[in-house]
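Should a chain be cited, it is by its letter among A, B and C, assigned in written order, with residues numbered from 1 in that chain.
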Amino acid sequence: MRASFRVRRWLPRFGKGILAVVVLLIVLFPVAWLLLAAFKTTADVQRIPIAWLPPHPTLRPIIDVWLNPAGYSTDWIRFFLNTLIVAVATTAAVVVLGTIVGYGLARFKLRGSGFILFSLLVAQLFTGPALMIPTYVVITAIGLYNTLTGLVLAYIIFQTPFACWLSYSYFQNLPVELEEAASVDGCTPWRAFLLVTLPLTRIGAVTIGLMTFLLTWSEYPFAVALLENKHVLTVSVGLAQFITAFNIYWNQMAAASLFTAIPVLLLLVFAQRYFVKGLTAGALK
Amino acid sequence: MTKRFWTTVAVGLLLASFSLPLWAGGKQEPASGPQDQTGGVTTLRVWKFGSPQNEREYMLSQIKIFESKNPSIKIDWAYQNYPERRTKVISAKQAGNLPDILLSDGQSIPEYVSLGVIRPLDEIDASMVEKWKPRFVPAGWETGVYDGHVYAVSPFVDMAPMLAYNTEMFKSAGIVDGAGNARPPKNWNELLSIAQKMNANGVSGISLPASKAPNDLEIFVGVAYRNGARWISDGKSHVNGPGFVDTLDLYQKLTKFAQPGYSDTNFRQAMELFFQKKAAMAITMSFAPILRQSLGAPADFPYKIASFPQRDSVSGQFQKANFIMTPTVANMITSSSKSVKQDMAYIDFWMTPEAQQGWNGSVVEGRIPIMKSNLESAPFAKEYPDLAAEYRKGTLFEGALAMPGFAGLSEAEAKLTDAFQEVLLGGSSAKAALDQVQPQIQQVFDSANKSK
Amino acid sequence: MKAGMKTLTYEQQKRRLGYWMVLPVFVVVFGVMVGFAAYTLILSLQNINLIGTQGVHFTGFASYAAVFHTKEMLAAIRNSLVWVGLSTAAVVLLGLAVGSILSDAKGVSRFARSIMLVPWVLPGVVVAGVWKWMFGTQNGVINALLGSAGILHSGIAWLGTPGTVLYAVIVVIVWRLFPLFSLVVASSVQMIDVSLYEAGKVDGMNGWQGFLHITLPGIQYQLLTMGLLNMIWIMNNLVLVNVMTGGGPLYYSETLPVYMYKLGFQYTKLSQAAAVTMVNFVMLLAISMIYVYFFRRAQKARESV
């Protein structure tokens, strides 16, 4: 409710609905196009001119990926669980660390906080493909190659700086008076952070959490570099294996992503609903 | 409400982060070291890059047989994407984390050798290698030999260059032999005129793989070798010799009758068009039937694969090579493997006719086997009557060379691809572009082969 | 609570807590970063090519000179600038527009915001693959759409034409990144105190003025942060360009990370790859500084109005 009711004054209410539909159409179109392939035969996927709807609807790709006991297809449940473990663990750690550091930087006039913020930014600049070899060497040296722990560790290191920055920017916008009031009530700063500030920045924390979760869920370069055995592979590496030189198994890839995406989708909707409900019940006064 | 809410969240997060190492630790594979020898069982790490699904499944089923025959050896098989090959091998080399066995392509052998990634098989066990050798046709065996040593052994090779043509379209255009069957073009001029003739009504005359993918360039190099070209001879680069220049010129002329967007069409997409009847011909390699199989085109699709036509008179200054061949599932042993005896036992298993018979055309279509028992087999004769007849005549591998490989090849290929695309996009003439790139390739070769 | 703590003033307690909150994480992240940066810098000053190097030497800026001598490097710098500039601008503008309009805490907006994130469930390689397929000349769904809408008669080779390829890839990265940007904008808008708008309404502000004078200042820090982050992600993106075009045709879509990747992993010239990494890093740093500078200036200008 508190949102941009200003815009609503000049934009008719249904305008927002139309915008939502248009944006969703554009954003979802490629995904929908991929998912349609889950019900097409291999020949129909390749057809020219293209076939919009499956001309010969089939469940073959889904059966091949999820129910075929031969080959690698039974691994998909494991890929899914691996990814879930990695994403949840990374998100938990990054949100906690990011929120604490962001708060510390935003609220306390620390000596060198400008330098710290700047360094965290520079740390972000130094991500990407350049770090592949050093990361690989370090993770292997500490014996964590081909383990989920190693991957989570790498993710935490590379994703925490952005979470610190983002949570810092959320705390910047929060009025400081509330905490000061708490201090007058005799709270320690830590209690003031836990009881007063943290609930207020819930939306920020959820946003950082969602972002971290999504970035981790779909991360490919580090996952493919640091894992090799099918017992530890994640969904993104598994999906990429449908792309081969001789064929891209679009229909199987679609079948695999269909079922791995549904839980994530539910989580997205649920997380926003749950946390936002908590917010309206709480107070921002 | 708020307090309870936050307590729940905090406890949940803490549980999640603490339970993680337990979960992940439990999943840790015992096979992380190459010399794990718990209870007398040796685990061999095998890296396999790329392959169509049915080929992978076939190999895994054979590995199960191997493991049941050799209870003291366990195979830890990791399939990885072909494009990740270099990244994985180079990072693993830097971190001392190479597997025991590498299944890669024969062309990479010289670079793997100078990277110190692989070691010669005949230095490990010469007598075993000698035992394998007579089972293969010599030309095929040679594809794993470099610098006088056997570095790799493979069940099959892929050959370039080939021309796929649609027999139905050819027949209706009257391009037939005396018996009324569709026939391939005799030479480059006829290839051009047929391409022009067939380029109508939404069908391209020829499907041209001309993207940046290394495979497309390798097919082009195959055409050039057939025209007497060589990358390097006596330490000197000849990419601007007439063998290459005329071939690139031919490609440039063919673009007029080729599919739109050829500079973004790789060999797979080129065949997709062909099997959709969107092109009358396609420049390809011997694995075209794999593409038919995995693209789901009907088994009776009206097409034939012939060797690519030649120029009227070969214009390159070297002996023409009918084909260049590359083994793409070549077994190699890495320099860091500590269980070479078991590695050799594993390769020995693959060097038996029983383990290799899936490549005679009965399981995987489109691979040219090089083991004699496969070439003589009934499925091969049924799958490839023409090739089987040529094999019986002794001409199948006549004039075929191993696909050229040398230290620095990857960079040289990238440079040649630049010249290739520049010409096809109309930026430059074949001669000018190749003249410009020749010194660069020479420099790449020189700096990569300094030690010799 | 320890007895000793009590003797500290509230301010001292705060400062101590602040250091405890910030330093452990900072030391680890900073340590790793310095280590990797030093590694890259040293590598770039050496002559390491895994194929054919005879002994490792420090060769000063020879690797830098070598890469700057290639046409490819100059093309990569030019493309990187277009790529990062256009993509970041598009992500920020689109994200800001969509995020601030669809910012209600419930109803259709919340639903749309959740669903908008669906593309993120797919890994970058798959996204790149799907878009490459969609941009296909004959079998691409984009040409088919434009064809049936009567806009096109023959297909365009989006990824095979020098003039279109870079923009096609830009479309994809914008598509990929702007939903996350909108999410952050929307959540930040929700944190703005509603009473500010009510006060504004009393003062006779219209919607646009409210957006300019209340919404924008209210989310300025998130805008700054997300703008920077997106810029970094775009500049360092390898997967999308590499899978979709490999930098081609010729060098028309080659960016610095693609060139770096080629040098390092195809040509095994680790030192030259490190040199390109350093160039990429310095450029990114410079662009970030410019961005922050203009952001601050705009901030000041708005405050003084």
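In the analysis below, a residue touches a chain if its C-beta (ideal position, glycine included) is under 8 Å from a C-beta of that chain, and two chains touch if they have at least 3 such contacts.
This one's a predicted model, so the numbers in the text were calculated from it and none came from an experiment.
Contact topology of the protein chains: fully connected, every pair of chains touching. In terms of C-beta pairs in contact, the better-connected of the chain pairs A-C and B-C is A-C. The chain with its C-alpha centre at the largest distance from the centre of subunit C is B.
Separating the CA-averaged centres of subunit B and subunit C is a span of 36 Å.
Centres computed as Cα averages put subunit A at a distance of 15 Å from subunit C. Within subunit C, residues 138-139, 264 each touch two or more of the remaining chains.
Multi-chain contact residues, meaning those touching two or more other chains, occur in subunit B at positions 87, 90, 272-273, 276, 278.
For subunit A, the set of residues touching two or more other chains reads 46-48, 133, 240, 243, 248. By the touch criterion stated above, subunit C contacts subunit A in their complex at residues 1, 5, 10, 13-15, 17-22, 25-26, 28-30, 32-33, 35-37, 39-40, 98, 100-106, 108-127, 129-131, 133-134, 138-141, 144, 175, 179-180, 183-184, 186-194, 197, 200, 205-208, 210-211, 214-215, 218-219, 221-222, 224-226, 228-229, 232, 236-239, 257, 260-261, 264, 270, 273-274, 277, 280-281, 284-285, 288. Looking at the complex, you find that subunit B touches subunit A at residues 1-3, 5-6, 13-14, 16-17, 20-21, 23-25, 27-29, 31-32, 47, 50-53, 56-57, 60, 76, 78-82, 84, 87-88, 90-92, 94-97, 215, 268, 272-273, 275-276, 278, 287, 290-291, 294-297. Interface residues of subunit A, counted against subunit B in their complex, comprise 41-43, 45-48, 70-72, 82, 85, 88-89, 92-93, 95-96, 132-133, 136-137, 140-141, 143, 145-149, 152, 194-195, 198-199, 224-225, 228-232, 240-241, 243-249, 278, 281-282.
Only residues 49-52, 54, 72, 136-139, 154-155, 157, 159-162, 245-251, 262, 264-269 of subunit C touch subunit B when the two sit together in their complex. Against subunit C, in their complex, subunit A makes its touches with residues 1-11, 16-17, 19-20, 23-24, 26-28, 30-31, 33-34, 46-50, 97, 100-101, 103-105, 107-110, 113, 116, 119-131, 133-135, 157, 160-162, 164-166, 168-170, 172-174, 183, 188-190, 193, 200-201, 203-204, 206-207, 210-211, 214-215, 217-221, 235-237, 239-240, 243, 248, 250, 253, 257, 260-261, 264-265, 268-269, 272-273, 276, 279-280, 284.
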